[in-house]
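There are structures below to look over.
Below, subunit A partners subunit B and then partners subunit C, in two separate complexes.
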Partner chain A sequence: MATKERKYSLTKDAFNRLIANKLAMIGLIVVALLILIALIGPFITPYDFLSQDLMSRNQPPTSLHWFGTDDLGRDVLSRVIYGARTAVLVAFSVTILSFIIGTVLGSLAGYLGGKFDSFVSWLIDITMSIPSLLLVIVINVSLKPTLVNWMDAQFMATHDEFWRNTIWVDFAIVFGSLALIKWPKAARIIRGQILSIRNKNYVMAAKAIGVPTSRILTAYVIPNAIGPIIVSFSATLGEAMVLESSFSFLGVGVRPPIPSWGNMISDGLRVWQLYPHVLAAPALVLAIATIAFSFLGDGLNDALNPRQWK
Partner chain B sequence: MEVKNLETRFKVRSGYVYAVNGVSFSLGKAEMLGVVGESGCGKSVTMMSLIKLLPPAAQITNGSVKLDGVELTKLSKKDLNAVRGSKVGMIFQDPMTSLNPFLKIGLQLSEGLVYHKGMSMADALKRSAAYLDMVGISNSAHRLNEYPHQLSGGMRQRVMIAMALLSEPGLVIADEPTTALDVTIQAQIVELVKELRKELNTSIIWITHDLSLLAGMVDRIMVMYGGAIVEEAVRGEIYKDPRHPYTIGLLNSIPRLSADTGKRLSTIGGAPPNLFMKPTGCPFAPRCRFRMDRCEKELPVLETVPGAAPDSGHRIACWADVRDNK
Partner chain C sequence: MGKYILGRILRWIPSVFILLLLIYALVFFGAGDPIKLIFLRAPGDVAYDEARIDAIRESAGLNRPFFVQFGDYIGHIARGDFGNSLVSGRSVNEMLSAAVPVTLKLGLTAIFFLAIIGIVLGVVAALNQNKLLDNVIVGFALFIWGIPVFVAGPLIIVFMVLGLGMNVPFGWSGLFHPKVIIPLLVLGLNPMAIIIRQARAGVLEVLSEDYIRTARAKGLPRRIVVFRHILRPVMTPVVSQLGLIVIGTLNNSILIEKVFGLPGLGRLTESAIKDSDYPVILAIVLIFSIVVMASNLLVDISYPLMDPRAAAKKKGDE
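Up next is the complex of A and B:
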């Protein structure tokens, strides 16, 4: 044969469809850029995010301070870049954490069925029925001061530097409480996927030639289930980012002086009529990041959904 | 293969559905058995019960299945997998959904060989290619590298047949393998199975709802209704001298080219019974022309037809003698 035949592969096909989708590519590039900035943040920030310059407060954007300075004379660009670190860290931690919980509970519920499935479904329903805003606020408000006070007491008693740093407590509680409201969605999607694929004919056919259960799970069930899970993973990343900003805005998330887009927006809101750039910078970046995640999610959905294959 | 008094039921919200109620039959080496009945008569569930390929809600409550002297109903999951992989092959109804869309044909075919025959992947692939040739797929080496969606329905069914035969099983269960295919492909598949059977010397159980399909193919025919065998005989006998009212109804409802035009196709009135309760009388009684009082009270047993040809193995489960008032 002279003509070279086109090689087919499902992942490659999906990738080609993703590449062909302009919006999804824009989303992918922005998201990749965001992650890159978060990773190399400390090397590219022009100033330290904490250093104040009280002589040049609230300056509009200039060539020295591209996004201007805030009411303490801190460089807004540097703070936005550090905010990206916070946002990406929270988004990935929360999403990975909630998908670990969701995968374990959801796949076991879907595969085992019976009482365990009823229990997990009940847990999902209960968790989803509690207003998430309320739940996160309650957890943060009740746990954080208690823990921080306890750590202060430990420091007083032992004088061990370890108890001095409470920033990671802040983060850990934010991760935990956000994962707590995000896992049911992941568990529900995974359970549904496993349930529907478990009864597919090809699983039956594989059983009929004696393929062991472990191999059926890894080669038959998981690859067929992965599409919607990837899509939901990407959507959850965006949602977690917005949630973190919302809670930081309300003062129950990441707390100053650690920059988060949410607490920067909150700061900017107080002075926005006089110095709109302090509000505009983090708000715009947050909006762009959210839209990018949503574009990417839609694109992945189109690319991985077999019903839309051409 | 020897099946005795097999019973399978499904657990449902409001109790049980008794899908298989005391089925006994035997199958000789290299014999081809046709199993006929309408949808919901328990023919598929019976055959799936043989190798316990059942949904979790189903349970086998009674009976024994012996294959080469091994009791299959009591095997551990692992041993059962080994039997499925090496001694019994299965061809499914719907080739379009019976192949994993994420695995290449070759990998999927080789799976059983690698796990149960201890073959290396390369050997298994070589053998898969040989079997693809045998089931009439051209360019087989190349096909091994393709995904299911690149094949047509008829080709996929050929792949499924190759998959069932690969491990050289003594028994192949074909569950309506031609139902999802169009008539020309159907004829090709039937021819293929006939040829392969001669070549490989396997026993075949062919499940279908189309009595006419079996005419030129099987050795023996088993007619099922309401989860039980109602008539059984060698092929010719069923067509020549059917004794059970249900079999007669099935035969009359086959469309014929020679029939008068304008005449309606004869049908069997009514619908198959629901099996929420174990039948106490003949399950076919409500739809039967020959119904007697006894039919509703006593479950007929499968007995040799009096006066049947000696080697016909003709058995029916019916109280009436249909020859009295045909």
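Up next is the complex of A and C:
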């Protein structure tokens, strides 16, 4: 007699829990839309994000300009879409970069233990105790002039137009300093996972009966560690996006004319009494995006770590 | 106990010192020539007169090796002297003493009120687990955790002015002026979300303990069970988040002061970044790091006071 065997795998279980969570699904859809918009941005923007139309400045939303125009007559919708590109680019690069650093240091600390572990833990504690905005400010005011001077010198030597483009310096500094802020969290989670799994009885048993390390890693360590890592990865995406906006808001992140939601909010703050749409458009979009990330992260947490919060 | 506190402080001092060294090195090697920075703004061509620049550098002692200058800086800081601003020439101490109280008052008040509201909301949510009230509170916490302050602030302003026709809460006229309420509220939103979640999780954990069931079974009223048996163990996870909350509030105050035009450390930071005013930036970074590290120290010290097991455990670790 053939009984139908139902398989409950870890991923399928987690997936079902995620699907059942309405808030998380809303978050997932919004995040997916955001990434899609960022990818196809240039093809759907109604105007160029830089083109100024001084005849139609500060227009409220119309059928021509859905989100209105700003004080230089630039289309706000196009700038918001390009802002999404900036946000997604920064969020993903920073998160991947900090997880690479965090994985290397965290897993080495977890495996090696001893002096190296206490050194990494101390480094994590110190980095986490510096307010992130200040760290970025210090990096910005100290490294940027040096980098820009160096690029000037390169331009003088080679006359290559590449060195005139300081936008990449902005992005490089945002990537680097955000990764510097975010790696300790990744490292701490990965180290904790490895420490806790390494000492589990089933791992020791597997080791004792001679299971090769590669098989232990793929069969036991990774499936058990992956949940918290995915949760933290998605949380870091959202946080990096917010941090990039707040740096740009303060003028130490992505600078105009490259649109970032942060520097658009900062621009909007100057004229909001007369033209509130210039402020409201990027602020609302950023609010929706961050809330979506927060819903998604919480849903992932519930789905992948069912023992928590219960 | 005294030994424990002393040990923590002894571990804390080298961290502050290394942090200072790092920041000083970043500015020393990265920022460029301070004399040129000063005289770029001065009338005349002083900044391009190499001989005069060298003379000034010599007299200010800026041609000495890095570690000598760093030692000098530490000496000045130890005597409470942060030097002078490159832009206005005013003493940094003076600028700080105007700005620090504003941020301090705002931050402490925000943390105080939102800790109380957060704990109450978290406990209420946990006691009504999975009911409507719980879902509303958890959803609210997720919502306010998601919105950055520099987005919430402007949106509230736009809503208040255009939607309700109210005046803009702009500027600073003391902690007891009503217009401080909106910035306070916005400043506390993110930390409140942390506190709600911690308190809720803490209560849920305690609720499953045997002694709670015993207390209920022997007929203690719910009110007394909550106040006497549940609230105390919940304080530990909440207080453990204090360091995170202080960092969040400091970050947020930099942003919120720009939105609401408050003359605190945040605005000082912003103008110092714009003008590349390094002595001011160094002093602010130092103050912020000290505040954060001191609050971490406070957490470490208050752990064994709230939960004697923590002290024994910590001792076992080291």
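Here is the rule we use: the second predicted complex is superposed on the first by the 301 of 310 C-alpha atoms of A that agree within 3 Å, B and C clash if a C-alpha of one lies under 4 Å from a C-alpha of the other, contacts with A are read in each partner's own complex, and residues count from 1 in each chain.
FYI, a contact is a pair of C-beta atoms (placed from the backbone, for glycine too) under 8 Å apart; a residue touches a chain by one contact, two chains touch by 3 or more.
Here the structure is a predicted model, which means the values were calculated and not measured.
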* To do: Could you classify subunit B and subunit C on subunit A, in the superposed arrangement, as clash or fit?
  => fit
* To do: Please work out whether A:276 is in contact with subunit B alone, subunit C alone, both, or neither, and reply first, second, both or neither.
  => second
* To do: Return first, second, both or neither, reflecting whether A:209 touches subunit B, subunit C, both chains, or no partner chain.
  => first
* To do: Look at A:268 in the shared chain and tell me whether it touches subunit B only, subunit C only, both, or neither; answer first, second, both or neither.
  => second
* To do: In the overlay, answer first, second, both or neither for which of subunit B and subunit C A:141 touches.
  => second
* Thinking of the overlay built on chain A, is A:23 touched by subunit B (first), by subunit C (second), by both, or by neither? -> second
* To do: Quick one: the Cα-centre angle at subunit A between subunit B and subunit C, nearest 10 degrees, please.
  => 90
* Which of subunit B and subunit C A:295 touches, first, second, both or neither -> second
* Structure fact -> Comparing subunit B and subunit C in the superposed model, the one touching more of subunit A is C
* Asked: Between subunit B (first) and subunit C (second), which does A:246 come into contact with in this model arrangement: first, second, both, or neither?
  -> second
* Could you say whether A:153 touches subunit B, subunit C, both of them, or neither, answering first, second, both or neither? => neither
* State the minimum pairwise Cα distance, in Å, between subunit B and subunit C in the overlaid complexes. => 8
* Asked: Both subunit B and subunit C touch subunit A; at which residues?
  -> none
* Structure fact -> Within the complex, subunit A is touched by subunit C residues 15, 18-19, 23, 26-27, 29-32, 139, 142-143, 145-148, 150-152, 154-155, 157-158, 161-162, 200-201, 204, 243, 247, 250-251, 254-255, 258-259, 269-270, 273-274, 276, 278, 281, 284-285, 288-289, 292-293, 296
* Structure fact -> The subunit A residues in contact with subunit B across the complex are 8-10, 113, 199-212, 215, 219-220, 223-224, 306
* Residue numbers on subunit B that touch subunit A, as the complex places them -> 51, 53, 55-56, 81-86, 89-90, 92, 94, 97-103, 108, 111-112, 115-116, 146-147, 150, 160, 163-164, 166-167
* **Residues of subunit A defined as touching subunit C within the complex** => 23, 125-126, 129-134, 137-143, 145-146, 149, 238, 242, 245-246, 249-252, 262, 265, 268-269, 272-273, 276, 279-280, 283-284, 286-287, 290-295, 298, 308-310
